Amino acid sequence: MQGPVYFDIAHMLAGGLVLVSMMMLYQDRLYALLNVFALHSLLLTLSVAWQAFIQGAPHLYVTAAIALVFKVVVIPVALHHMIRKLGIHREIETVVGIGLTMLAGIGLVALSIVVMLRVTPEADPLTREDLAFALSVLLLGLLIMVTRRNAVSQVVGFMSLENGLVLAATGAKGMPLVVEISVAFSILIAFIVIGVFLFRIRERFDTVDVGALDDVRGRRRK
Amino acid sequence: MVLIRDLLVQVVQMALVVALAPLLTGFVRKAKARLLRRRGASVIQPYRDLSRLLRKEAVVAENVSWLFRMAPYLIFAATWVAAAVIPTFATGLIFSWTVDLIAIIGLLGSARFFLALAGMDVGTSFGGIGSSREMLIATLAEPAMLLIIFAVALIAGSTQLSTIAAFMTSPQVGLRVSLAVALIAIIMVAIAENARIPIDNPATHLELTMVHEAMVLEYSGRHLAMIELAAMLKLLLYLSMIVCIFVPWNIKGPEAGYPAYLVGFASYVVKLAVGGAMLALFETATAKMRVFRVPQFLGAALMLGLLATLLRFVSRSL
Amino acid sequence: MNASSLFTFDAVAAILAIPVVAATLLALMPGYKVTARVNVAASLLTLVAALCLFVTERPEPGRYLLVDDLNIVFIVLNTFVGFTTSLFSASYIAHELETGRLTPANLRFYHAMYQIMMFGMNLAFVSNNIGLMWVAVELATLTTVLMVGIYRTHEALEAAWKYFILGSVGIAFALFGTILVYLAAQPVVGEGYDAMVWTLLVERVADFDPALLNVAFIFLLLGYGTKVGLAPLHAWLPDAHAEGPTPISAVLSGLLLNVALYAVLRFKILLAASPEAISPGPLMMTMGLASLIFAAFMLYRRRDIKRMFAYSSIEHMGIIVFAFGLGGPLANFAGLLHMVMHSLTKSAIFFAVGHISQIKGTQRLSAIRGLTETHPVLGWGLVIGVAAIAGLPPMGVFMSEFLLVSSTFARQPLLAVPLVFGLLVAFGALLLRLTGVAFGQPRGSRKPADASYLPMYSHLVLVLIAGIYLPPPLVAWFQHIANLLR
């Protein structure tokens, strides 16, 4: 199914993901960050579902459903709970200023658009822009992980990065189910890992600030 | 005949914006009050305030220069001209061909320039604080606004509001992310420019964090009336601009007849009402942010403007 | 389907099935003594199954699985080191349990994870589907993350977290690269599974869009390169090695790095087969040299013995990647040989280091002195191992490094200068440290080692033999692979 409207909606949803990624860079409170992440995943769900519809690929609905259940509902709720339990609903410390971070984010978006559009001149427009957006989301997720010191926000950054990957995988037409399942699967595993980690970190430090971990190392090396 | 018609439209437009501006402000105030479960003042209260101020004597500090007295008229004039060229119910405004979006920003910028000068002219500490904060906001808001205009102009192929409005109603626009981003950014800029919550609180001049109210603290009488009216006009201007760029339906072209103009006018009023109600809702739901956060807020708007420009290159024309 | 093909299918299946079954069993079994033995037995069975691949007929490359000359080397090496490490781990873990650093519950988890990791690595080697390969590499990585953090100390958690964060960057980049490869293949091979089957991709790669392949390779190199421990992305590696249990350090250095390397190689072959795409060589050579020189200098300032050998691993991975980047029959041969030698030597060193640090109760280099006097067997083992890894003749590492250097001199004389420089710097650092640790005034605990020397010395003997005499069939086989790699 190809038509301007179909394209437009896919374009809006995928571009919306980039926008929401930028919003995540802007957030400096954990709860807000989680809520924006849930929005991010919701957009991803819609985007994947729309791709499933356009491509006539019903298996993508499964991916969308997984994203909806896990990333829109379960994980944000669980992280909310965790934050409340840990009592860390204060501001996120950012390593560099938000303005600078966002500028870097814009740079990354520009980079991914330039790179992806240049190497895919023959693919169909939808795939091209999906890839450009996906790479942007991926790099922005990386940026979140790099600029945040709090373990929870790093995890959120990681998951938004995964969202970018899912977007890329669905944008590639006819990509086998193996990969989608594996993506969802790895998210699941990653989350288990993360859960274990958070618990252990809390056990040991009573904080999930990764900076505290660095302090420990600094003390030891002295 | 054509000239007369165009002139007529333009004159109506000029009168319309001045007439509607206090009403819009009154409406927003009323809506906010209702949302807070207060009864609130009547929607025509701003008219009463203005007429009262006009009748009152203007008290001017002894040590101020002529600039202080001139500034209100200059500010009002610049804002009025800017507001008069934004298509509200019709696109064929005769002046609009001489003034494009960038010029509108320039007009508003010069108004702000005089306001800041006047704030400092009195020599009180509040005026100085207000002016410096206003300039801080301006240095961030104006580039952001220009970037947004840039993004919109790249898409529409023009900086003329009439052309943009015509383009936006054509089917070739489609849904575009860059426009959505630009919309968010322009709303952020508009909030900052109009001294609304969360940047500034329009309802008080008793806070240390005030910006706009700090500058006009020394004004009274007809001067204050001019400045207040200019502020109301600015709110209307931004709302009309957003409406004109992003929801330009029912803005009638120059060939439309007078009945069509009526339809355009009605839909303009409806759009204003919806916009005002949304503003009231937003202001009620948000808390004012610290002054130190303002650069971040506007920085984000700037970045969004940049993003809008960037995303423009990823579109259907790929 | 005749009997022999049924049997060969079983060999591949066994490599994958044994670890999975063992992991399930180990997760359910209480009692660490039994589980350690089951772990060893399972590893041995896997090794036997891997050896069966030599004698039996190879299955046709399918949609998911593939056995060819290249990956047999990796599989056999993997299962062999996996087996010896499980032997070492049995004695190592017993000690950890005595000192109370690990609880029986930890151990159950540890053993199950060990087998899952083996499964992941084996799957990565035999997969013919680039998506499946990615999944397998991730699986192996995630299990090692869990094992690195198993001590739950500050440092272990920090190391695991760092490993996880950087690993996830690798995850993302590698998957993105994989998706791009699929996109490049899709117009030529067609939508669906076929466009991810490596053997099909190699056949048709000449028709792929070269620009897309280039970008894909950069992502894949960065992604899998993170796991290889290449220079700008290596930060996780020393921490993960130093803070995890020593058997895991041995497996990380000896095996997991190879898995990532294998993935890079597969894509290198793919790219090299496309005439218009960039040649992957220069990129790999740059990263390899950077890692080598960087790690060589870092070796001087280490105070932690495991951390030092972790940097040595970065150095050697740099050498190997450089060799494969240089390409050509000789350099590829050297790279392959070096990889095998490094795996054997480095894991032997970690076996020794594991016991040493258990005896001394510390990993600080300054606290470990005069080992040859107090613990001659361990100490001399370490001496031989370090001498081997530093590239002294007559060990196998010397052979491969010599081959590589001479090949570089012949083909890229300018690059040979930094290569030799890096090798010499690393050599100096290792010998400097070794003298103190092995021959200085004895310091610290002198209690007798309760160690199993078999794994360590079996590795060292193999390395020594390889240095002196390489059997002609092995040489022929490696040469064949070297040609395959281009």
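All chains are identified by letter, namely A, B and C, in their written order; residue positions are counted from 1 within each chain.
As a working rule, contacts are C-beta pairs under 8 Å (C-beta built on N, C-alpha and C of every residue); 3 or more make two chains touch, one makes a residue touch a chain.
Note that the structure is predicted; figures quoted are calculated from it, not measured.
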Joint neighbours of chain B and chain A, given as chain labels: none
Maximum inter-chain contact count - chain pair: A-C
Chain whose Cα centroid lies at the greatest distance from that of chain C: B
Chain whose Cα mean lies nearest the overall Cα mean: A
Distance between chain centroids, defined by C-alpha means - chain A, chain B (Å): 36
Computed distance of Cα centres, chain C from chain B, in Å: 64
Geometric centre distance via CA averages, chain C-chain A, whole Å: 31
Contact footprint of chain A on chain B as seen in their complex: 174-178, 180-181, 184, 295-296, 299-300, 303-304, 306-307, 310-311, 313-316, 318
Interface residues, chain C side, partner chain A - complex: 129, 131-132, 134-135, 138-139, 142, 145-146, 149, 152-155, 157-158, 160-161, 164-165, 168-169, 171-172, 175-176, 178-180, 182-183, 186-187, 191-193, 195-196, 209, 211-212, 214-215
Residues of chain A that touch chain B when the two form their complex: 4-5, 7-9, 11-12, 14-16, 18-19, 22, 26, 97-99, 102-103, 105-106, 109-110, 113, 117, 125, 128-129, 132-133
Residue numbers on chain A that touch chain C, as the complex places them: 115-116, 118-123, 127, 131, 134-135, 138, 141-142, 145, 151, 154, 158, 161-162, 164-165, 168-169, 172-176, 178-179, 182-183, 185-186, 189-190, 193-194, 196-197, 200-201, 203-205, 210, 213-214, 216-217, 220
